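Shared chain: chain A. Partners: chain B in the first complex, chain C in the second.
And now, the complex of A and B:
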């Protein structure tokens, strides 16, 4: 049994190619989260899997069956939309029951399923209401309930939490994860929120301009971003990317100037990998002048410039920092990420080791 | 933002209101008053003398089997025109809403008939339906149907209903299409994911979401078919054969202008006026509801 398989899926609208060859293999019961910048084709990918749109080429298989040409009605896939997309003229109960009625399930079975899902999502008291009488969070629960009652072979989520406020988003996130585990339904989840991606996904697929940039477990993607686009997308605040070069001895230099017989590279440093003081051993020394402090709660974010003039940020424990004066920081060598300045591809090192 | 100008005193505002008021009084209130007055008078055929008749004209009206028959006929006519015009418009709009090739041209073509005046529509259809020289008649004869709406009551009704509805389809089409396009695409996508297709999706999702638009259109179409089809009917059948297509509006004209029974005709006008007011109130009610959503 093979869950969901995408095989070289492409999609063009007119002359613009939106998806440029997506390969993906979602194991049964697995939750894969698709992240990417706005407009990179995430929703398009979901709509292709849903059957709302036809791929220009490539194949989509679900549980070993080729469903590429099937009508959405015949795919047994349920989808949760970004703006709920509840039927405004139906009660919550009818919204959830609609897909089952269309499939001609017995009345009693429909009622039982709706009630079970309502209980799971804590919306039992709302079953008689119309969508306009619900809050945003409640509407989203109903939308999720509508997908759950179907007991589909695949769940699709298109940024289901993006119109909720931050706190609600965090709690709903946990709830979706629990629900998905409990039901064990294969899921594809689209978001542009990296926290959501990290916390929800068994694996993450990073899309960049319609191409898969990287596919892997969240920590793997965080630890070894495959290219600069992934590096900038995953991690908060984003990774610092600095021009530098790799000298003949394999040491990383940030100093501007001639690379000599070295190789010019982009050096990636996560703000949280920077420590105070001068490096011991082969760490990279960073002469940093902070000009603002952003409190983040347990930590603060220092934003300023390096001696080389490049913008830089450091995430560290709160202390009283002398803004505007040069401070010594360093980054251990095994925490550096190196990318090719031309292609943006990761060139090393293989590490960093797990933290 | 609302722009307001405040004039001091009352003379300037009054002066500015005069033209509008004069027009309203001259073109609307005065004729209305004359009609209401005439409806409670009995005049001799030459208009030389009048006597007060109280509600006699109205009593006579509602006990007149011919008038009651005209009411029934008008109901059938209005119902048929409204049903046909709305039904066709919804059907055409559903197709125009779909992603089909050349839908721009298709939409434009459907809007054209609205530009044709009712009387002109009547003349066009009179030519098309003409028992001897009309294209439609020829076609029907080919199919073995003896077409002569000038002799056959039912065919006459079909002819005036068809010609009247034809023009209104465009108007309805524009509204229904706009209504369909204002339904969020993701709701339709959700219904597709839920497995609903074709007629079922239309009946359970699209139609309920179109309901406010349709309610408004039903009233507009009733008003149209009752009061604005006079030209079409006059051009086609003049209410005939016999009285087969004589709607209330046509009857007012027949009794008053042709047969010079002014009292009865005025009473009928007053009844129609009350009806228009009622329907207009209903129309505004639906307009407000549509606007409020």
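And now, the complex of A and C:
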């Protein structure tokens, strides 16, 4: 009933502690995406679940069974690797069938499963080819097919799209999501691409240096990042983080050099939450001098400095901006994010719930 | 100078370069082939002519009859076919044994973490400096203790370990991506299945190339068979040729030379048959 449960999972390689206590509960049929900077332990986490590494402590449960000490082959888990990891000397058919052959499934059953998966992934015409005769996208489909035919209890994906070009990545992303929905297999998906994480995950687990920084639905993580690391990781372009003060009346001021009064905070402002003109009511006024314009298609990104001297960026509709001269912008109070400058933890405001 | 002129000149240079290269290749080939040709010519003469040093460049056609005579197991004739068969079996067994042993030891060293792994690796490495010729007395003692003197096994077994082949396989194995190993583990393949279904098929070209080299190595063994097999029924062709050379005047030099020609054929055929695989194994990898 319980899907995948990680209970205080830790992993050290020698002296270096890579995972520092991961708790996670993936519901049956759910897709959780693990996202984090390079080297934060995403692959390690996946390899622990796969059984390719042993955790230093903690437990891993799948459907209520403790599988922590089980051999990878006995876990009923299939994995899609970053570089496909297809057997170079086997045909596409044999690549997909191999795991089933090892498990001694009847020949007819193997053929039926491979053909069904091939149809699902649109690779039926390629079944007789060798991996080296396929494009990157086709290889990744085969690798996914190899996982699908196993009909496992859990799918693991380790950055499966990172060696594809941007366009293919977007379409494969949608396809993986459809496939996972259709098969209803519990999945753990690792990526360092926030767009992939946002679009694929039912929930996202943000890892920061081996610690879980935040776990929640994509829009909640976007709307209420739990700390500065999450704030910088999720959102494109990244959130502006500016030193400031929170005064006794609950008003936010940016630091201007002269000592402020009240509590020192980090003010987070998403580039897309900034609007032109002076604030009405309790918004935060931003005197901004853009020095470059980066076209982004429907919108442009203005990059420059605030009056306070801090680097800042604004995402807005295209217009002719006078580069180098001061412009008035503002951010509505309910769009501000406040973080503790010491710990980086979110201190409020409650902020908008999912938008 | 116009582009066309330049191109013509370059083409001229290319042609000239090709001519020089071909001349060098032809000279090299002639240098290799001439002695063999002389042996062939000698095999068709009568032994007296050779003793007089009376060898021309053309074979005596009626002398070719010596080949069927040598190969027929007629009484009184030299059992050349027998020695050829024995050498063939020995070379085959040595090549196959070396490949099997080194494949397994390379597999162990490359894929398994066990205490003393690096020690094993270095021990293997050091044996590169200990060919049979160096360790012939202790090796003979061991073989004698096992009661394998004058047996086929005694002929073959001490030659079946190969540090070179082990190192070659190891190099090929460490290039196998970790992800592939892990994919096989997830697919449920244990160590033996992984070896059989993935590593061996991936090393096929390497194995073919090694087989050629090791077969020729086995075929050319002389000292060890001479020492370990005193029974004439275990004479390899290399040993047999030398036995045929008696006191100067009584040696049938034409027979010796004809046997030498016959002895060259099997390894040549093996090389020719495997040439395509051999080149493939040395130049490309399946990965």
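What to note about this one:
Keep in mind that, in the parts below, the second predicted complex is superposed on the first by the 346 of 355 C-alpha atoms of A that agree within 3 Å, B and C clash if a C-alpha of one lies under 4 Å from a C-alpha of the other, contacts with A are read in each partner's own complex, and residues count from 1 in each chain.
The rule is short, and it goes like this: a contact is a pair of C-beta atoms (placed from the backbone, for glycine too) under 8 Å apart; a residue touches a chain by one contact, two chains touch by 3 or more.
Small disclaimer: the values here were computed from a predicted structure and weren't measured.
The superposition on chain A brings chain B into a clash with chain C.
Looking at the shared chain after the overlay, A:87 reaches both chain B and chain C. Once the two complexes are overlaid on the shared chain, A:77 sits against chain B and chain C alike.
Contact with both chain B and chain C is seen for A:103 once the two complexes are overlaid on the shared chain. With both structures placed on the common chain, the touch criterion links A:13 to neither chain B nor chain C. Contacts of A:50 after superposition on the shared chain: both chain B and chain C are touched.
Residues 47, 50, 52, 72-73, 77-79, 81-83, 85-89, 98-99, 102-103, 146 of chain A lie at the contact with chain B in one complex and at the contact with chain C in the other. By the touch criterion given at the top, residues 47, 50, 52, 72-73, 77-79, 81-89, 98-99, 102-103, 146 of chain A touch chain C in their complex. Those residues of chain A that touch chain B in the complex are listed here as 47, 50-52, 71-73, 77-79, 81-83, 85-89, 98-99, 102-103, 146, 150. Residue ranges on chain B touching chain A, taken from their complex, read 184, 186-187, 189-197, 200, 204-205, 208-209, 211.
Residues 177, 179-180, 182-190, 193, 197-198, 201-202, 286-287 of chain C touch chain A in their complex.
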